[in-house]
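Look for subunit A in each of the two complexes below; its partner is subunit B in the first and subunit C in the second.
The block that comes next holds the complex of A and B.
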């Protein structure tokens, strides 16, 4: 059955209002502060060690990217920090986006305006995504600026390209968690329950997934110790399970972008015969992109799947509170 | 005979196996105040949501302002203002900002919206609080803000769900005055309530709801006539033995009920003199006798009593 009128009329209005709410909320201020302080701390600590490395290696072509990836005890690297903090920001943006409308009893009043439900959900999701993009871009510029100041040299063109690719990956990674948090905000009427559920999933993927993967793999496959093919198959099953986690996908994608000499050896089993005749040295950007294209597609696909589920559930939800 | 502005035919909504609204047929004429009256959970809100296209009917059709809420919900919602049961606003935003948001959703441009907001806030006597955060509003102010929203939208139909729920008597009176003034402007108003007095005082016609069905509908006076048989009721305060049967024997008395120390007598005409005589001749001490008019409450009680007995 066809309904008349655009499903998206009003989406930009919703988005503008939600964006204003997001950017002005105390919750967001605190998270921004947290993420900037940890980011600055990680980068500042890293720069000392990058200088050391630079002194040793002499001429590293991609010294700038090291700012993002080099950990310095006891602090993890900037990328590791982000892998950890982006989900928190996304969850904070999404966990009460739909159920708060019910709890404030504004839902039926808003939906009685000449808009479709689609507009409300799209508007809310886009505003979350834009907020996320703004925060991460600002952070990215901040870190690059800090790097220029402290290292005293500008990033090269290749480094900027890779850095931007990393930024886009980070936003896509955040979008996965945003979509998930919004899904929970639709499923659970109580904002606290939605937040707990989102954090539970986050904990699962951030801390426990790595431990679970070998367990789950042995449940599915039992490798024959004398058969190389079956062992390879088991490894790839394990990788497949590990890649169900957005954290794994984000980690692999950033690895390839920020570490140009990565050519797949950390992303899966590679036989010696496959490496025969390989030239050492960094890969060009487009080759790194091709290397982790599946990971990027996976992240985007996860966003689409989660959003679609959320969309269907929202459409079927009764408006009456 | 004008075209009805709201019309339903066989409108039905079932949640799982439970039927919330059962084959509803009713018509609201333009400019009319129509009351949906019934106990909580009778299906009033579900009916309203179906009229707005916010819930899909299981079967049956509705037409609002000439549009089908199922297929053309945007057209319907452009013409209908809705005030939900215990309406909510964004507490951190001011009254004006809240209205500006809905104005934009309703498709008004900024200048139109500002003018319409100022005008409608003035109309509901909220201009003084327009810049305050809604969090500081009283319940009555929120209800008035919701009416301002309907006015701002330029809606020709207002659907009010339990409009006076939770209001104190003073605010209720002011609110009813507001509803009357909307009617004077030619707005069609559909309101749902379980408060009989409210419905009786502002509605032209009412529909009595029970278990998802309209039991009775019509003009308030006609309903009184139909259900109560045009009866009068008389309150008798007297002491004495077995006065009920003495009064009951008076010709024309249809029903006698004890109500504390008093008797509540229903009769086909004003029989105060005859009843007084009967009480005195039965040896009772008559302290007071007064005539009252039948109210919708009597209809309601009587009707739903009947339904309960039949079930």
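The block that comes next holds the complex of A and C.
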């Protein structure tokens, strides 16, 4: 039977209900605590070393961005922490969003309401996304506030722009994992299986992908050691494979946003002739944005593609009372 | 033979005695004389002079001789000295002599005319009197002269002009001399004494003193070509002297290379042509000719100048040059340094131009298209699978 009216009518209602559930849940409290404690710890430890750096280097134009990126032994940097924690939060938000409705036998009851099935999925996904955005924005504001308090200087306009771009990137990165967790919650009827599958993918990309990339590259291409062109081709194939991982995309995008002097030299092979006459200096924000625009669009496109797959699978599922 | 040898030895031993005998007074002169080399002379009022005197006592036993000034004009100061001390008696040996001096200090207001100074020497049984006739002349007028060694020097606005002026005090008294010039504004003048290193503004000249003063003048950098007469005046307390110096400043071109609004930075898109406006300005004082603008860009970059050559830029004028720049199509984003050079005959100027290479936002559209395609797939899925 064809649907009448918009696929999104009722989505806002579902979203509001789900959001209320999400934000009030004990699971959310625990995740918030985890992310805030680790974030604050990383930033607090970092600011000490940022102060040292500021004293040594003198006037750094982007000292505020260093809060995000400077690691201090034994703690990794704030950005590295987020790279680990955002997938966990997203997976926690999404792994049982659909299958729990089946397990509690509430799905047919919800769908008995005047709500389309599409609207249910859209609503669930959007509520997860909004929750994620709220948590990350709060954390971002918390860190910036902590930075102002401990460094004693406000961020400049360029730094705010770059910081916000980083926040958007982090939300998009979280959305990828959220869409994937929801996909698994649709595929697997058991919440535990969905969680395990999501965590397995996360483990693959977070830890094993770096090891797998050279292996996969040699399977695809065999570089001639005396031919520069074939070596360059191999490197770009390797980069292409590495960029299948959302972690790589997130890492590269944050690198460009939080390190203004990044001009692409860490993002791919660059010939010496391309750099001839170059002098070090920060890039303007829009140029940094253009530099990692493919990474950003890749993240957003991945979200849409994963959601589309989840949508198709959900629509094809049978719902029984 | 023996005899001759003996005579030779005798002559040898006698010869110093013979020499002494030649110095000794003739045997037939006996007595005491107080003499002066110049018993009649001309002196000037206000001057201090010293006359050498000699006291001879020939054929007299060693004795003490009292010396007195018997007569001198009123107001004059006279004293007899020996070995730089004032003396009133001298002791002479047999056939001896004593060297003495008469110091005369004539007041400046003494009237010109003939004067007499009488001296007496009184020994034991012998006397001598000396009369010195002084013809007093009018005191010299205070006079200062200044003579430049080379009065005209030639140079560029950047060179320093070193004049040497010999200044002489031709008066009878000390003089404090102040140094001054009427150099044009912006010209730096320093005075030094001879080969000294200290800068001076005034000098003390003793009577008859002559000193070399070096006058160093640095013209203003903006001084236009031409001749600059400069009067250096030496103002003494009684007299003034002036030296006329001439600086012949030849013009010199000097160029600067900047961008529009003195900005030496601009941006360009990788692989796309971009016009940068440059300004070549002649800040010198002579026209600059045959200025060629060039640059050695990084590999893969192209830079072309329009016009390549500027035939002439007059002093104080500027010309625009358009640099047509094409960065390497593969250049990465960010800042690059371009060295641009303008050189003409004998002059050259370098400027570092900072080019920010940007990527065109056109590529961003591709990303949006990717997202749009993904959304289209989603919409298609919604249309295909959407159901109640």
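Note that the second predicted complex is superposed on the first by the 317 of 321 C-alpha atoms of A that agree within 3 Å, B and C clash if a C-alpha of one lies under 4 Å from a C-alpha of the other, contacts with A are read in each partner's own complex, and residues count from 1 in each chain.
Here, a contact is a pair of C-beta atoms (placed from the backbone, for glycine too) under 8 Å apart; a residue touches a chain by one contact, two chains touch by 3 or more.
Because the structure is predicted, anything quoted here is derived from the model rather than measured.
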Could you tell me whether subunit B and subunit C fit or clash when both sit on subunit A in the superposition?
fit
Let me test your reading of the model: by the given contact rule, A:9 touches which partner, first (subunit B), second (subunit C), both or neither?
first
Examine A:284 and indicate which partner it touches, taking first as subunit B and second as subunit C; both and neither are also allowed.
second
Looking at A:215, would you say it contacts subunit B, subunit C, both, or neither? Reply first, second, both or neither.
neither
After superposition on the shared chain, which partner residues are touched by A:149: those of subunit B (first), subunit C (second), both, or neither?
neither
So, A:116: does it touch subunit B (first), subunit C (second), both, or neither?
both
Which partner, subunit B or subunit C, is in contact with more residues of subunit A?
C
Which superposed partner A:229 touches (first subunit B, second subunit C, both, neither)
neither
Considering only touches as defined above, state whether A:273 meets subunit B (first), subunit C (second), both or neither.
second
Overlay on shared chain A, then closest C-alpha pair between subunit B and subunit C (Å):
5
Residues of subunit A contacting subunit B in one complex and subunit C in the other
1-3, 116
Any idea which subunit B residues touch subunit A in the complex?
45-46, 49, 52, 54-55, 70-75, 77-78, 80-84, 86-91, 101-102, 104-107, 146, 149, 153
Contacts from subunit C onto subunit A in the complex sit at residues 297-301, 328, 330-338, 354, 356, 358-359, 361, 363-364, 367-368, 370-371, 373-375, 377-378, 381-382, 385-388
Which residues of subunit A touch subunit C in their complex?
1-3, 7, 116-118, 263-265, 270-271, 273-281, 283-284, 286-287, 290-291, 293-294, 296-298, 300-301, 304-305, 307-308, 311-312, 315-316
Report the residues of subunit A in contact with subunit B in the complex, numbered from low to high.
1-5, 9-10, 13-14, 17, 104-106, 108-116, 318-320
